[in-house]
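In the two assemblies presented below, chain A is common to both, partnered first by chain B and then by chain C.
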Partner chain A sequence: MIKYTNIKKSFSGRTVLNDISFSVAEGEIVFILGTSGTGKSVLLKNTVGLMKPDSGEILFQGTDIVQLNEEQLLEIRKQCGMIFQHPALFDSLTVRENLAFGLKRLKKLNDDDIEQLIKQSLEDVNLSLDILEKKPSEISYGMQKRVSIARTLAIHPQVLLFDEPTTGLDPVTTTAINQLIYTLSRKHKITSIVVSHDMGCAIDIADKIIVLDKGNIIEQGSVTEVQKSQVPLVKDFMLEVSNDIS
Partner chain B sequence: MKILAVAGDFTHLLVMSFRSMFSPPWRWKNKMAALYFVAVESLPVIIICVGFAAVVTIIEASYHMKIVIQSDALVPGFAAILILRELGSVISSLLLGSRVGAGWAAEVSSMKVTEQIDALKLLGISPIQYLVGPKLLACILGNIVLGVIANIACLFFAMLISVFKLGYTSGMFLTTMRVFVNFQDLLFAMIKSACFGATIPLIACFCGFRAKSGADGVGKATTDAVVGISVAIIFLDFILSYIFSHFYAS
Partner chain C sequence: MISAKNWIQEMGLYLIYMEELFSTWRKHGVSKKLLVEQIWKVFAQSFTTTTMSGVFVGGIMTVQFTMQIQMFGAHGYLGGLSTSSVVREVGPLLIAFMLSGKVGAYTSAELGSMKITEQIDAIRCLGANPITEIILPRFIGIIVASFFLLVYGVLFAFLGGLLMGYLFSGISFDEYIRNIPQLLTGISIAGGVIKAFSFAFVIAVLCTYYGYNTSGGAKNVGLAVVKTSVSTMLIIVIMDWFRSLLLETWQGLFL
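Let's turn to the complex of A and B:
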């Protein structure tokens, strides 16, 4: 479904992504792990054209998105939802307006259908309807994150990109969001690419794990393959999981 | 090379922003909110400041004219020219730039830092159309209105100080003023206000869009915006005054 080939990206002479190549199949959950500053979020933003790689191609269902202009990217973005590191909700709008915002533009639905989708998407992330008239600043950070996911789910994307979706959340909400990613993938056949530091979660729900370090892929494969890796950084991640369990 | 890239980015923002003013979606709610923020909420501070500027101008002009030509009879006329050609539009625009420009630069830069700008793009909404377009229209229209009100306020305060401090009657002030200024001066003041008004959201949003991450990035973007707006207004004032001087001469 998505194929990255020889992606390179640098900022002010500093290489952030160096010759990255891998592919993501339909309905797959792919976790991209790595320490901070290794280019994970940059890779995700390249996927939806928020950034352009210096070289390489990103094929989305056969279309090279690197070559597309903003207008053409809109068609790709209608199929891709991205959950950012920050909740990225619009401060001046209520939760209801935030949820309806993309629907009006991308789906061109009538008000009744929009209202239906808003309620459905809030239910999907286990939030009650009484927050609909509140501003983002009036609800907790965890709730904001879930509203952000609901806003993305409402447009029914085929691909979901999660940029550290559980950062700053409590363990209960973290588990709920990980479970949500799993359910969406298995039940709705949504392809998910998740950027994370959480190897434990990756082991639980990923189909494929990719480990980045200093802009290079140092390990990739199924959960079992990565668990057997002898790469020092990957072993460190595994050790962290073992410590968490014990 | 970097300067060329920055100039290119700014030109792109300028063209796209003006285009967005004349293309749907119209977002009247956003435009009205921006207009209220610009025109209504800025009005008190602008009237107070231009009023005091007018008072100082009259007192200083009178003092120096009395020393040089032993008469301040021309003060109302000169003050009226100075107010209509410079003070009314420049001071009100500089104040508006500080107040509104800082607010918008902080708003856009914090949206950039918290990835709201990226979220807009993903939802298929042009950040320029959504954020800059309404502000640009509001600031052009708002600053024209504010400029006219500032000029009226300036002249009113100038007349008051002339009556109470210099001993002229209001009739004498208005008669002398009428000899020196005409409708063309007010028209040029409105053109200046429109140009200065356009400068404010363009520079504020440009700095906001280029903000680096963190609170530091938001602070720097806001500072850059206020400095940039002030310098641009003063530079534009020079250009426009130079152009208008050819019309005054004829």
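Let's turn to the complex of A and C:
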């Protein structure tokens, strides 16, 4: 469904992504793990055209995203929803207006259909309708994250890109969000790419794990394959999971 | 210390940014609802401060001129001198400084925060253009509201001068106003109005530019605010000097 080939990206002479190649099949949950500053978020932003790689190609259902202009990218963004590290809700708008924002612009639906999708997407993320008239600052950070997911879900994308969805959340909400990613992917048959530091969660729900270090892929494969890896950084991640369990 | 090369580069970036704003405006227009919201927001935020600044700027000028002209027994010219200097120079300049701190810094911080919390990326991902959606309404809103605030502030500076002339210098309202037409010409008023518009334009360009181009973390939002305030004041002073120079030369040649 998505194929990354030889992606390179540098900022001010510092290489962030170096010759990255991998593919994501339809319906898969792929976790991209790595320490901070290894280019994981940059990779996601390249996928929806928020950034352009210096070289390489990103094929989304056969279309090279890198070559598209801002208007052509709208079609990709209808199918590829991104959930940011921050909730990225618009402060001046209510939850309802935030949820309707993408629907009005990307889908151009009438008010009744928009209302129905808003309610449906809030149900999907287990939030009640009584927050609809609240501003983002009036709900908790965990709820803001869920609203952010609902806003993207409302446009019915085929692919969801999660950029560290559980950063800054307590363990209970983290588990709930991870469970949500799993349910959404399986229930709606959505392909998910999740950037995270959380190897434990990746082991629980991923179909495939990719580990990045200093802009390079140092390990990739199924959960079982990655668990057997002898790469030091991957072993460190695994050790952390063992410590968390004990 | 900013080098000449950096300064020229920065000017080039302002121009590229303005070109992007105007071409997007031409292509997509701007939402009237968002525009009215922004004009109202800027006006409501700065109304009281502008009134206070205006009154005190006028008052200061009157007190200063009183001390100078009483030596020559020319009290009758107080209103003319004070109003002329307030309309031509001091009023627009000081009120623009105040607006650059109030409106400029606020907008720059607001846009910078939106940028670093990925709201601007989210706008793009949800099928909208951030220039149309958030920058243009603020840009045009600040120009319109700041222009009227500057004109309104200068009017209050006149009233402040009038009041201070009466209270501090013991000059009646009639006497204060009588000599104003002699010293405040149509060109002076036109100069003041042009100045108000150009200062409003500078505030709008720089605060939206620095806010929109913020990157990194919270520290850089602070940096964007500082850059906005410093650059706005610097460019306003340079523009004011240049305009004064042009006007004096023109008047010297033709009048």
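In the analysis below, the second predicted complex is superposed on the first by the 246 of 246 C-alpha atoms of A that agree within 3 Å, B and C clash if a C-alpha of one lies under 4 Å from a C-alpha of the other, contacts with A are read in each partner's own complex, and residues count from 1 in each chain.
Operating definition for what follows: contacts are C-beta pairs under 8 Å (C-beta built on N, C-alpha and C of every residue); 3 or more make two chains touch, one makes a residue touch a chain.
Not measured: the values here are computed from a predicted model.
Model built by superposing both complexes on chain A: chain B and chain C clash.
Look at A:Lys78: by the touch rule set out above, it reaches both chain B and chain C.
In the superposition on chain A, contact of A:Leu106 is made with both chain B and chain C. Once the two complexes are overlaid on chain A, the chain A residues touched by chain B in the first and by chain C in the second are 45, 48, 50, 70, 74, 77-78, 81-82, 84-86, 88-91, 101-102, 105-106, 155. By the touch criterion stated above, chain A contacts chain B in their complex at residues 45, 48, 50, 70, 74, 77-78, 80-82, 84-91, 101-102, 105-106, 155. Across the interface of their complex, chain A is touched by residues 114, 117-119, 121-129 of chain C. In the complex of the two chains, the chain A residues touching chain C come out as 45, 48, 50, 70, 74, 77-78, 81-82, 84-86, 88-91, 101-102, 105-106, 151-152, 155. Residue ranges of chain B in contact with chain A, taken from their complex: 111, 114-116, 118-126.
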